[in-house]
Each structure stands twice: as structure tokens, then as C-alpha cells.
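Across the two complexes that follow, chain A remains constant while its partner is chain B and subsequently chain C.
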Partner chain A sequence: MSAAARPSFGRLALNGAACLSLGFILLPLIFVTWLAFFRQEIPSFPPEGYSLKWFSAAASNKPFIDGFILSLQVGVLATLIGLALGVPASLALVRHRITLGPAVNTLLLLPLVMPGIVLGTALYVFQIETEIATGLPVLGSLGGLIAAHTLVVIPWVVRLVTASLTGFDRTIEEAAQNLGAGPLTTFWRVTLPSIRPGIVAAGLFGFVTSFGNLEMSLFLVGPGRTTLPIAILQYLEWKIDPTVAAASLIQIVLIAVAMVVTDRYVKLSRVV
Partner chain B sequence: MARLSIEHLRKSYGDLTVVDDVTIDIADGEFLVLLGPSGCGKTTTLRMVAGFVPPSSGKLSIGERNVTALPPWKRNCGLVFQSYALFPHMTVAENVAFGLEMRKVAQAERSMRVAEALRLVQLTGFDGRYPRQLSGGQQQRVALARALAMEPDVLLLDEPLSNLDAKLRQEVRVEIRDLQRKLGLTTIMVTHDQEEALTMADRLVVMEKGQVRQIGTQRELYEKPADRFVAGFIGRSAFLDGEIAGNGRFRTKGGLDIACAAATGMGSATLALRPERIAVGGEAQGCPNHYEAKVEHASYLGALLDIHVSLSEHDRMLLQIPNRAGVAEPKPGETITIGWAQDAGLVYPREA
Partner chain C sequence: MSTAAPEAVAGARTGLAGALVVPATIFVAIGLLGPIAILFRYSLNQFIPGQFMVDGLTIENYVKFFTDSYYLNVLLRTVRVAVICTVACLIMGFPLAYVLARMQSRFKNLLIMLVVLPLFVGNAVRAAGWMTAFGSKGALNASLMGLGLIDHPIEIMFTENAVLIGIVAVNLPFMVLTLQSVIEGIPRNVEEAAFSLGAGPAAMFRRVLWPLALPGILAGTILTFILAMNAYATPVLLGGPKFQMMGPLVYGQFAQQNNWPFGGAISFILMTATIVLTVAAHLIVQRRYR
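Let's look at the complex of A and B:
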């Protein structure tokens, strides 16, 4: 018997650990999915039967729909603004020697590691102070919410785009210039397409982060302006029927579809 | 196509001068090779011509055009990069068309010229492929086609063959040279590969430490190297240190008296001899300079035998003899007779 034919103990242990971790990650998703189809109102095991009624309940729940539309708006705009700010910032950080460059880099990544509650509190206080100082309605406004979400999008953009730029062979920019392209044309025609996978991934992850953000948003939403995660939370305060599971499942499916579609155009596994 | 002139070109980074007063004139349609060890400033010189490195001083002209202050995109120099630098997200045809697009060449003419450029490098039919789908040699040809399609005034080649395997390199060498002749391209190539330089160039420029050591044809560089560095860099030389002992006489450190036509003037000097000009055995007896030498080491190199000998305690040298039938490889410790003609050696002032 050759050694290759008999898997070693180490190999088995590694596979076992991998399966365990994967199960740990997937288990909540599996339960949410299962729960969404339960017939009874109070979730209990085993299910009394299965039904699709919670999906129609979720789809016709006004707070959910309004929340979804707001989250979509905020997510898309925050992602676009985050990209518009983050891509040039990454270029500057990677390409030029900036005073305090590493410090700026850390600063831009900071919102990612800051607890949402802390970030929310800080922004809440800041927005109140701004309102007092300027007299403009900042707190609870759509603009204030988008600005805050932009803050959590930027770290993803900076992280993924600097990574793309670091591995980028600058001689192809020289080649473009040698062939007659000015700096701007070179950027649009050569640099940007080369870092596009990083930008697309940054946009996707930034959007998902914004879309799912709960803690920070709790501090910043105004009356009649509720994002989807907050709408779900508020619903859960009164009811625990599977409508929430159905709404979550719809979200999971939408995000999964977005990832699969994106992955067809840029290989996400290569950038993240 | 046009002639290119480089006048007193200099590049310094702080106290470090990497290109020092380089002046070269390249005739219309000439293939010039910049040759030198790594760090000699040849690549920096090429990058200054392309416009990627601003010169500290000096002047660059292409034809009648002074391009010293022009950015790279206004110079019309086609550069083939060592790494090829193809645009990975564009097809072969798009890569080749890029320069034409930048020049706003109309679509119909563009596709005609792309097809023509691809035909020249024998890549017809590869239009729709992406660079990653091509072999190294094919990528290299695309890079060449891309540079040729824009009809540059000057073609610049930065070690274009260094990433190819040995056999392919031989073929591509000939192809590039043929193409360059056919199109009458004024060309500068940078390389550290001596054989490549010798087989391709019309003229060569030997550079070292940022300076031009010598400009000339292969024959000029080999037969009349301007200094000790060139004598050792182009081909091989056996060097004997000593001093000039009057006109036509050279005395080595070890006290050997050598008749040498090139010895004139005074002072300490180095005598350089081409290893293959040194005769051995009976042939050596007839030479004006002949000596008993002790074999220290002999290497069998196929067509040639490399023999390291000592003439005295202080005089060691290298000689090469052709591997003819019946020639036995001398053994270490053996004493042989070696000799050379009066006009065989060149004398250079001794370098510190």
C-alpha cells in the first residue's frame, strides 16, 4: 500500500476541521431558510407544516418595502460616493509618497474595525453639534445617513483598490504613453480596466456592508425614514412569526445573485 | 524614420550620476546596440530617449525635432519593453491598434495597418486572442507589431529577447534584424548579451559606469578596443601588467621583456592579448616573443581549449587553442612553449 492511497491522519483532521467551520457558517443560513417555510406563527420544532404565506406577508409589509427602498438608495449612493473618494485616495496612497501616508491609510480603514455602536454614537453627537452650529437639518436627514454609510464603504474601497494597485505592473502605463496616450487617456484606457476587478469587488462589498448596517444606522435615522434592517428589528419587537425569516431569505438570495453575477465578470476570489 | 542624436546627455540622482555625458549619433536606418554590464546606464539612456526619465542636462533630437522636453506621448518612439507590457484586457488587434487610435487614424486604415503589422511579425489570424493566451515568443511579436504599427521615427528595444528561451532567441534575433532592415528602421537596442549585440548591430556602444567607453563596429571593438575595459568586455583578453620600457618594448611585472609594436610613451601599463592569437608549441618557436610557460589549468570547451598558464611568478595569462585532431589537452604542471607576434598586443595605461 502506498502512502498516497491512505489519507494521513493530519489530512483527515484538516478536512474535518474545514467541514466543521463550514457547517458553523452555513447553519444559521440553513435554519433561516427552513424557518421561512414553516406554517405556524410561533416557530417551534418540529414544524406543523409548510407554507409560502410568509413571503407574501413580507412582500406586502409596508415598513419592509419602504425600508428596502431606502436601504437600496442609501447603499447605492454611499457606494458610488465611496468609490469616487476611495479610488483617488488609493491611487494617491500607492503611487505617491505622502507625508503620513501609512497613517492616512490606517485612518481610512478605521471605520471597518470600529464597533458600529461607537461609530453611531460618535456620528450622532457630531451631527447634533453640526446642526446646532449651522442650523441645517443634518440628523435624521437622507444626506446625513448617506454620508455615514459612505464612511463604512470607504475602507472596503481603499483596501481592495490599494491591493489591486500594488500588484499592478506600471510598465503597461508606460507602454500606453509610449504609444501616444496622455496621462488621462492612459488612466481611463489602461489603469482603470486593470484595477476594475478590485473596484467591482469594493463596490459589491461596500454595498453589502451599507445595506446590512444596523447599529450605526439606528442612531441616524429620522422619523418615517427607516432602513430595512431597522424595520426588521422593529418588527421583531412585537412579533416573531416567520415573516422576518422570509424577508431575510429574500435578502440572502438577492445578495447571492449579485455575487454570482459579479463573479461571472470579475473573479472575486482573485481580488478578495 | 529619422536620425537620432544624443548630445551630452546626463542623468544624476543627487550625487549619483548614472548617465554621464553620453553623445551618440545614430544614422537613419541604423541598428545601434547599447551594450554594457548591468548598472552601466544603458537602460536609463534608452528611457531618456523614450521620455520616461527627464535628463539632467543634454539634448535629444529626432530628425530636426528637438524632443528633449517632450513628454513620452509626443515623441513617436516605438518602445518594445523587456516584459512586453501588453495590455492584458485588450485583444492582440486592440493592442496593436492602440497607437493608431491615439493618432486618430480612421477605422478603415487602422484595421489595414493592424493586419499589415501582424503579417510582418507572422501573427496573422491571432487578432482576437488575448495576451494571456499567447506564448512568450508570440507576446514578444505582438509587442513588436504594436510598436511598428504606429510607424515610429525611432524603434527602441529594451532587452527584448531576454525572456525567451535560447533557441527562440536565436530565431527572433534574425527576424528582428531582417524586419529592421526591410523597413529601414532607426533602432536602438539595449542588451547585456554580448553575442546578441554582436550578431544584430550595425554599430555598438559599450557603456560602463554611465559613460560611453567606445562606439564602433564589431570589428573595430574587437581589433582595436579603446581601453582595457572594452578589451576585457568584448571577447576575452589575456592581460599582463607591467610597464613600457621604451618604444616597442614592454616589461612585465615578472620581468619578461616583450617586443610590442603598440608600446609607446612611458609609465606603468597593461598589455592585452587576444587568447586565440597566442601560438603554442612549434608554431610559437617562430614568434618574436616566445616563452616557456607552465600550465596551471586547462578546460575543455568543445571547439576550444582554454589554458591558464604562468610565465613567471607574477605573470599569468589565458590562451585558447583550437581543438584540432591530435591536439592533446595539456596537463597542469606541464611546460609548453607559447609565443605571439610583435603586433599582437595592445597596450593601455594601467588602471588604478
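Let's look at the complex of A and C:
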């Protein structure tokens, strides 16, 4: 082997290993997509033929429909509350020197690294105690679920909005104020438009995190009130067939669309 | 407050800043630290069958866990699975992270989206993909038999191997993204300098790339280890009811046994074991590479 050919051989091996890993990450999604179009119900390979009938089967499966609607409700509301709490906090954390600022920052990011199972059990007993203390039905309620999801949305908001604020040139704001704009006008006309990409990305990431959350939600859903990921999990514990694959594929497509939209505002490679 | 002194307007601004940051802080503090404190308190309560939970101050739930070989085996199995998965993620993740980090083509963003997408799709859906592949007539057995490599289907569904494959696939994107962001921060020049000074690719990797990427390697390893220790959907769906790991064990104690004190204790043991092993790994690596 000549000296010139050597690096390119190494390069080839490196690219080959990278492709294998990427393929390994994507393989389960490819199988689910394939299964959703099978003609026969049993997932045996090779398929006997292809059909679209499972999508209407998934669309008339009540747990999937109810789960989808609940996940959508919880995701949208938790994202809006998370933005309302997280955006002002990020502004304050980046702009002002706050007592214990780094500690507050760490606390706000903590739910992201907290394992879902531990978070779920802890919130479960917390909601039981709240129920005992107030007499209100908290556990298994829509409000309880939304509050829990808000907790996992906030870290994404803080992370993405903080990132978009750090590159912001403060002299533009000073210029606006020199030209006679009050603090509120400056915020609405100057600050907000320039951090909008960060807020949009935060909203979409928060929504997607909430929509896909499984482990934590498992402890907090009530009877007859399950989210889509839990409905899919419960179906899979019973059997695997093209109906559940079709429901999964709808979820994959939805999330992929959300990601492509986000990417138009903020390059994913910069924020993840 | 003393650090905020220099600016004249600092006092007024800090007041405003406080008003902005306090709601989120209170929400997370109450919603996160409060529940964990209550969970710990529950784990010290007694469980008397028929009487449900009885207030107490006892460590018997922890003693029960550490004296019963069944529960100890579940903990050991969980740690073993998490260690194997983390090592596999590091080995499989590094080449992909490196290629992505050094890539300058317009496809880079698309490839990163392909790494991120599975991450957001959720564990149940990805487990469904592996269930399709692993069945006795699934894609894996069908293709192996089609190639004439095996005569009868191999048993892979409901084994430890299925769980390992599932968890590695779930955690690999986290490792790749963490490593990629760190490698991107290492200037290309230092690699070229190593090459021009006569280092081969292996020596360059060992002496330059690895030490410089170590913070990212550590961060990625810790993240994937925590996730593997706490896996739920993958062991339930790919391991089946007989393959117990800590995550499903905690859920079973809460949802099926209604034994909240013991469930709380297991949850705490899981959290503590994760933190202790993470910190230990951190210290060992720091000492080794100081």
C-alpha cells in the first residue's frame, strides 16, 4: 500500500463506521415505516403485499385518537406556560447579575437530566400529598399532567433562549433608547424580534419533548386518560401489528415536520 | 447582592430581574425538589399488607432491597446493561460524531436532523421497530434464513441481547450530539500539526483528539449511562416480563403492588446508584488524565 493511498483508506473506514452507526440509529424507524404498509396483519418478512388500510385502522382506534388529542392539548398548553415562565427567566439570567444566578440556571436545567422514572414517582407522591392537603382531584387530572410537562419544557426554553440571547448586541437597544423609545417599546420592537428564532425553537423543542414523553407521564395519567406514547406502549405490550406501526408513523411524520420547520428558524446543528 | 454593586442602576434592575426569574424558579423548585423530598420521606414509611402505607421512620425498605438476592440481581443486571450500552455507544458514536463535526457539505444539517429525529420520536416507537425485526418471522430471521446462514429462527426477542441493542440505539444520538459539539470546537490545525510532525492516525487520535475531546466524552458517557440505568420502555417491550431492570421494577411497585414506601426506596436507590457511579467515573477519569 502506497503512502498516498493510506489516508484515504482510513477515511473510507471512518466513513463506513459512521454510516453503520447512522443506519443503526435509523433502522427501527425504517422497520416501523415498512410495517405500516404491509398487507397482512402478522409482521412476517417478506411481506405478502402492500396496503394503506392500516392508516384508517389506526385512525379509528379510540385509544390512539384520544391519546393523540390529549398529547396535543398537553403539549400545546405546557409549551405556552413553559414559554411564559422560561423566556422572562432567561432574559433576567443573561442580562442581569442575579444573586445565585448560576445556581438558578442549574436548577432550571435540572429537569432535563432527571431520569423520567424518578421524576414520575416523585411527582406521583407529590400529587397525592397535594390531593390530601387540598381535597382537589390532582392525580390523573389534566392540570396535573400539564404542570408536570411544563417542568420538562422549561429547561429547553431556558437553554435555547439563553443561547440566542448571548449573541445579541446590546448597543442596538441603547440606540433605540437614544432615539426616544421607552423600555417597553424597546423590548417589543427591538429585543423580541431579534430573539424570536430562539423562542420559536424553544417552543417547538418543548412541544416535541412533551409530546414524546413516556416514562414520567406513565405515573401521572388517569383511567381513560392516556397520552399517545402510552397508548402505543400499552398496545405493544399486547401485540405488534401494522395498525400500531401506522399510528407510530403518523407520530414520526408529525415530529419530522416540526423539526424541519424549526430548522428554518434556527439551525439544529447549533442548538442541540 | 454585593456583586451587583458596580452599576448605579443595578438596584432597580435587580428588582426587575428578580421579578422575571422568580416565577420559573419557584415553579421548578416546588415541582422538582418538593416531590423528591416527599418521595424520600415516603421511602422511610412502613408498608403493611392490607393496611397500605403506615407512617413511620424506618430503613427497613432499604434493608429489604439489599438483603434480598432477587432485588440485588436486578440492580446488578441494570448496572451491567448500562455499562455495556455506554461503552458500545462511545465506540459506535465517535466515528459518526467525528465525521459530522468535520463535515462541510450542505447535507450536514440534514444528517444531524436524521440523528435528532429518532431522539424525539420516543422509546416505544423505536422499540416497535426492533420488535418488527426480532420476531421469529421478523426481518432479521427472515434475511438470515434467506441467506442460508441459519436453519431455524434464532431466539433474540425477550433476551438480554435484544434489550442491549434497543438501548444502544436509543442512547446513541445523545452520545453523537455531545461528542460532535465538542469535536467541532477542536481546531482542525492541531490534527494537521500532529500529522505533519509524523504522527499516524492512531497516534494522533490517542495523543491529540482523545485528550482534547475528553470533556465531551465524559459528558456523553454520563448522559448515556444515566439514561441506560433508568430505561423503561425498551426493557419492558424487548426484554419481556421475565427480564427485570430497575425502571420497570419501580413502576411495578407503584402501579401493581401499591407498595409506595418500597417503590420510593427503589427509586431512591436507583437515583443514588446512578449519581454515585457517575461521580466515581468522573473522579477516576480526572485522576487518570490530570
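By definition in this document, the second predicted complex is superposed on the first by the 246 of 272 C-alpha atoms of A that agree within 3 Å, B and C clash if a C-alpha of one lies under 4 Å from a C-alpha of the other, contacts with A are read in each partner's own complex, and residues count from 1 in each chain.
One rule holds in what follows: a contact is a pair of C-beta atoms (placed from the backbone, for glycine too) under 8 Å apart; a residue touches a chain by one contact, two chains touch by 3 or more.
Every value quoted in this text rests on a predicted model; they were computed, and no experiment measured them.
Participant: Do chain B and chain C fit side by side on chain A after the overlay, or clash?
Facilitator: fit
Participant: In the superposed arrangement, does A:L93 touch chain B (first), chain C (second), both or neither?
Facilitator: Second partner only.
Participant: What angle, in steps of 10 degrees, lies at chain A between chain B and chain C when each chain is taken as its C-alpha centre?
Facilitator: Approximately 100 degrees at the chain A centre.
Participant: Give one of first, second, both or neither to describe whether A:Y265 is in contact with chain B, with chain C, with both, or with none.
Facilitator: In the superposition, A:Y265 touches no partner, neither chain B nor chain C.
Participant: Touching A:N178 in the superposition: chain B (first), chain C (second), both, neither?
Facilitator: In the superposition, A:N178 touches chain B alone.
Participant: Hey, is it chain B or chain C that touches more of chain A?
Facilitator: Between chain B and chain C, C touches the greater number of residues in chain A.
Participant: A:Y50 in the overlay: touching chain B, chain C, both, or neither? Say first, second, both or neither.
Facilitator: neither
Participant: Please provide the least distance in Å between a C-alpha atom of chain B and a C-alpha atom of chain C in the combined superposition.
Facilitator: For chain B and chain C in the superposition, the minimum C-alpha gap reads 6 Å.
Participant: Going by the contact definition given at the top, which residues of chain A touch chain B in one complex and chain C in the other?
Facilitator: The overlap between the chain B and chain C interfaces on chain A is empty, containing no residue.
Participant: Going by the contact rule set out above, which residues of chain A touch chain B in the complex?
Facilitator: Contact set of chain A toward chain B: 169, 171-172, 174-182, 185, 189-190, 193-194, 196.
Participant: Any idea which chain A residues touch chain C in the complex?
Facilitator: Touching chain C from chain A are residues 7, 10, 14-15, 17-18, 20-22, 24-32, 34-35, 42-46, 85-86, 88-89, 91-93, 95-99, 104, 107-108, 110-111, 113-119, 121-126, 129, 147-148, 150-151, 154, 158, 208-209, 212-215, 218-219, 229, 232-233, 236-237, 240, 244-245, 248, 251-252, 255-256, 259-260, 263, 267-269, 272.
Participant: Write out the stretch or stretches of chain C touching chain A in their complex.
Facilitator: The contact residues of chain C facing chain A are 1, 3-4, 10, 13-14, 16-18, 20-21, 23-25, 27-29, 31-32, 34-36, 38-39, 42, 92-93, 95-96, 98-100, 108-109, 111-118, 120-133, 135, 137-139, 141-143, 168-169, 172-173, 176-177, 181, 201, 223, 226-227, 229-230, 232-233, 236-237, 246-247, 250-251, 254-255, 260, 263-264, 267, 270-271, 274.
Participant: Which stretch or stretches of chain B touch chain A in the complex?
Facilitator: Chain B reaches chain A through residues 50-52, 71-79, 81, 83, 85-89, 98-99, 102-103, 146-147, 150.
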